[in-house]
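Each of the next two complexes has chain A plus one more chain, namely chain B in the first and chain C in the second.
And now, the complex of A and B:
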């Protein structure tokens, strides 16, 4: 956590998906709308937010699986948007992704051997390594054995499939791994194993994680920094301890007060901050601060002024009228 | 010793995948055995293919040559032990001619498929994967072909190209690929949204490899079923072309042609049209039953059930 080198710097990223009508575009889903953040070397940045707030779109944008409409992604000082050919392949080699659904992320017609061999083959690394030895080591790293190498994905449980997906992401010894809710489709006991494993791998391989999740318990356990997203925008960003101890943005406060506490007596005595209504449609987000219709602290100015992230304390940024 | 064996097994990936293919086929065979109807279809189809391959060699008489010395004696004889399907107006053994006809039908259907399948596959893959303008162009051309009844279009092409077996094959090939484009494209649209495609992109896998290693193997099942069903239809269509005089020309022993020739003598000499017609009926039926059965077997839910049973 002491490391301070910025690995990934995202600036003002924007992606609007057009909603097509019969003859013309009816509007845009503002999935990611002006997002900026930094990720530091060998740390975990968690991106939290409720369903549909644009977390997964953001993950895809970072790895350039979809093209943003605007903004820049700087990876180790290089603008990812300008990469092509060999340089882009180099970027692909240094990054990995693990998806939420381990059932659709593995090709059902390929054996585990073929699945794990593919990235190595793509990047011409077969000459340099003993493929069998390498793959066995890779499997052991994620808690599987070499007997598993020649089986097909349907022969595995969800947790094992997710391990295979992680092994695939790690096959090229990447520096940055984007984990898109890797544990949310697994049951709780498997989740814990998986999180420990991810943490061990991070320490051993000196990885930088971008961990997308909606589970605040995981954030606290695994992450060093956290970015809270609401309707396509980051409302608060900072070190995990600080954000959890002293949340600034009302939305963060609401989220944290919704975390269940295992002790009923404490849970009852806690003052819960409640939000009003449902999250608005990203097709037509509220003017001004996007959270203001649901915010318990809203002022009259909130609907008029759109705030940007302001550094309140060192590396702790918030986008709220109360702190400007 | 065991360790060494394991090592060899690990290294020989090819061996392993051959093993799994054999396992797959054996599994498919197990399922077919459980469904008597599909098994019947399989037997008919295999029988048809075997007869098509060796038919002319096992035919008791020459199916084409006419023995002029005994026409008067042998012509239009009813089925007997000597001539199980009877004889035609030139004294030729109809059983031999029907047997030889199996080869003609097999050749026509294989030729049509070997053109229609690759064309349909490639166009469907490209249209489905790239979408946009390419998709529009391919699909609109396909729609033009599909908007005519297949057989009518085939007759038109065949007549333009001139009567003959080769032009019939060509005409049927031209008519047959569009439905394959549709089927493949529909499947590609489903498969390309799967996460493993995105994972492959994130690793930098080339588009060509994504198309042929990831999308193709996962889109081919419905095509396989359709092709099995269509084999019968192609045989029927080529017989229809021959029946109206556009396909095979005499003395080629084509089933549709035989039925047409026998019409002159119907119903007195019923066997002339009846046996070639029966051959068409049984063959087409066989392909249809097998295709229907395959559809059930290749449905993953059905398969899973079987594998569970096997574990027990």
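And now, the complex of A and C:
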């Protein structure tokens, strides 16, 4: 990828959710805790991590669907945190989101026509376009036909619903689309159709994707850059090929060696890095490096020093004591 | 019947009689489980793999009904056995591990009690103290750290991976001959999934049990299985040893499935996807159930193909290989 223009720059983003006790706040779930990254124009940035690492919270923060406690989001040079009124509307028009579960993200009482028309109405674009023609084109883009327009969501399969959700995200011709595990509820054969479609749409419409997933296969297939998250922090960031071929952070190495590979000759011959235990609760993350209690390469200093992301090679950043 | 066959299923049919029509969830499935092997059943949502596994010990609830078939376990037909006799086999000779450990464990009982209860049910002469001691030994075997303390904790105090270990502990409590694991790692994270798969494999070797592993994840299949059964819309489309299946898939559905999964260790230019989607189980296509989505469709495909042997240990149900 030659594109180098930074579309989105996130700096030191933090979101802690309070856990309420009877009288006092008992503590905080540190869902996103000091996250910084950049996304480049017309590329896909994948954010991977296990459940509870804060990927979904991050997706919502980027679009300001929830307010961060701290940090800044710069979109095309504009600080999104300072936007309000018309300017914020304009930002919302340029961004779209597809949620994980197509069963709960589509209103069961609205027809597909109404679902797709709503964003256009909200942004006052109905005057400029012939709505019927526009929606049919939109549906065709995601592989559906015009006879689907007047049906309700329950009449569609999971894969088709996700296509509708994608069409809704594309309705306002956005520049940046956040995809939050769009294929994790789908079967593999349908997933492949969806991934190919998303790639074609990206090329045709020159979109920038932020793709949240836990599936490393999808990352390798679709993404140009990848950010690996662990307990609210990014531990490694870099170009996909480089991160997969030469992972630097021990967690990335562990993840790549634990993921099941659909090829018995590789799956059974490769060396495994074993890791003990499970991800700890984000309520009380370990001090120092958050991965150190499970890390096979942990040093005595790891529990004391919290590392920040350091650029090891061009655009390849890692947060680990071994590379400082 | 092979000498080393543990379980043989012949022409099993499970239908669900719903208001919308008859769902032929499992429709004429025949296969065998060999001693000491890990047999994988792969297929997409709704292909009947879970229903089939439950039907083996007659755990199908209405409106579902086992319409026909035989399940021979050590020469006895489980489908004809009186319920009282079957209860002695369920949990002792054949045990289950389900997908979601959170809903399998009773929140009102301790983790250790679940294991103890399973042991006690099948050995009523044992004293509770002995049984508790055995539960703790089993906990140690499934690599639960600090087993004495963990046996006294309640399910909500345990993490997802730990709960699944407790479920596995109950499954192996009576050293069964067959463990049926229905998507045992789907609810778990990758790093924990690898630990649990490793555990299942080492326990199988230790007790020389057979494992029937139901999954939709081809990665898991490649990692742990010996033999694979591919199911599509209630039927078996292909059976093969795992290396054979991945290097020489015969059925167009298997071929499509293998090429649809992105591999994290290899960059592919473009994934090949299977056109269309899984058929409605009430209104199935005539003949081969895959024919509307098949890239190699023939005239013959309107008739139903049989599962035939293509080479040793490799069976396929497709007209392309009819000789």
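In this text, the second predicted complex is superposed on the first by the 323 of 324 C-alpha atoms of A that agree within 3 Å, B and C clash if a C-alpha of one lies under 4 Å from a C-alpha of the other, contacts with A are read in each partner's own complex, and residues count from 1 in each chain.
In the analysis below, a contact is a pair of C-beta atoms (placed from the backbone, for glycine too) under 8 Å apart; a residue touches a chain by one contact, two chains touch by 3 or more.
Quantities reported herein were computed from a predicted structural model and do not represent experimental measurements.
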Item to complete: Tell me which partner A:195 touches in the superposition: chain B (first), chain C (second), both or neither.
Response: second
Worksheet item: For A:159, is the partner it touches chain B (first), chain C (second), both, or none of the two (neither)?
Response: second
Discussion item. Between chain B and chain C, whom does A:107 touch in the aligned arrangement: first, second, both, or neither?
Written reply: first
Discussion item. Between chain B and chain C, whom does A:51 touch in the aligned arrangement: first, second, both, or neither?
Written reply: second
Discussion item. Once chain A of both complexes is superposed, is A:74 in touch with chain B (first), chain C (second), both, or neither?
Written reply: neither
Item to complete: Tell me which of chain B and chain C touches more residues of chain A.
Response: C
Item to complete: Considering only the touch criterion stated at the top, classify A:63 as touching first (chain B), second (chain C), both, or neither.
Response: first
Discussion item. For A:267, using the defined touch cut-off, is the partner it touches chain B, chain C, both, or neither? Pick first, second, both or neither.
Written reply: second
Practice prompt. Would you sort A:254 into first (chain B), second (chain C), both or neither based on which partner it touches?
Written response: second
Discussion item. Counting contacts the way the document defines them, which residues of chain A are shared by the two interfaces, the one with chain B and the one with chain C?
Written reply: none
Worksheet item: Mind pulling up the chain C residues that touch chain A in the complex?
Response: 44-45, 159-162, 189-195, 197, 216-223, 242-243, 246, 256-268, 270-275, 277-278
Discussion item. Taking the touch rule as given, give the residues of chain A at its contact with chain B in the complex, in rising order.
Written reply: 60, 63, 65, 88-89, 92-93, 95-97, 99, 101, 104-111, 113, 118-119, 122-123, 132, 136, 146, 149-150, 152, 165, 168, 172
Worksheet item: Considering the complex alone, what residue numbers of chain B touch chain A?
Response: 10-11, 13, 16-17, 20, 194-196, 198-206, 209, 213-214, 217-218
Practice prompt. Within their complex, state which residues of chain A touch chain C.
Written response: 50-51, 157, 159-160, 187-193, 195-196, 214-222, 241, 244, 254-256, 258-268, 272, 275, 278-279
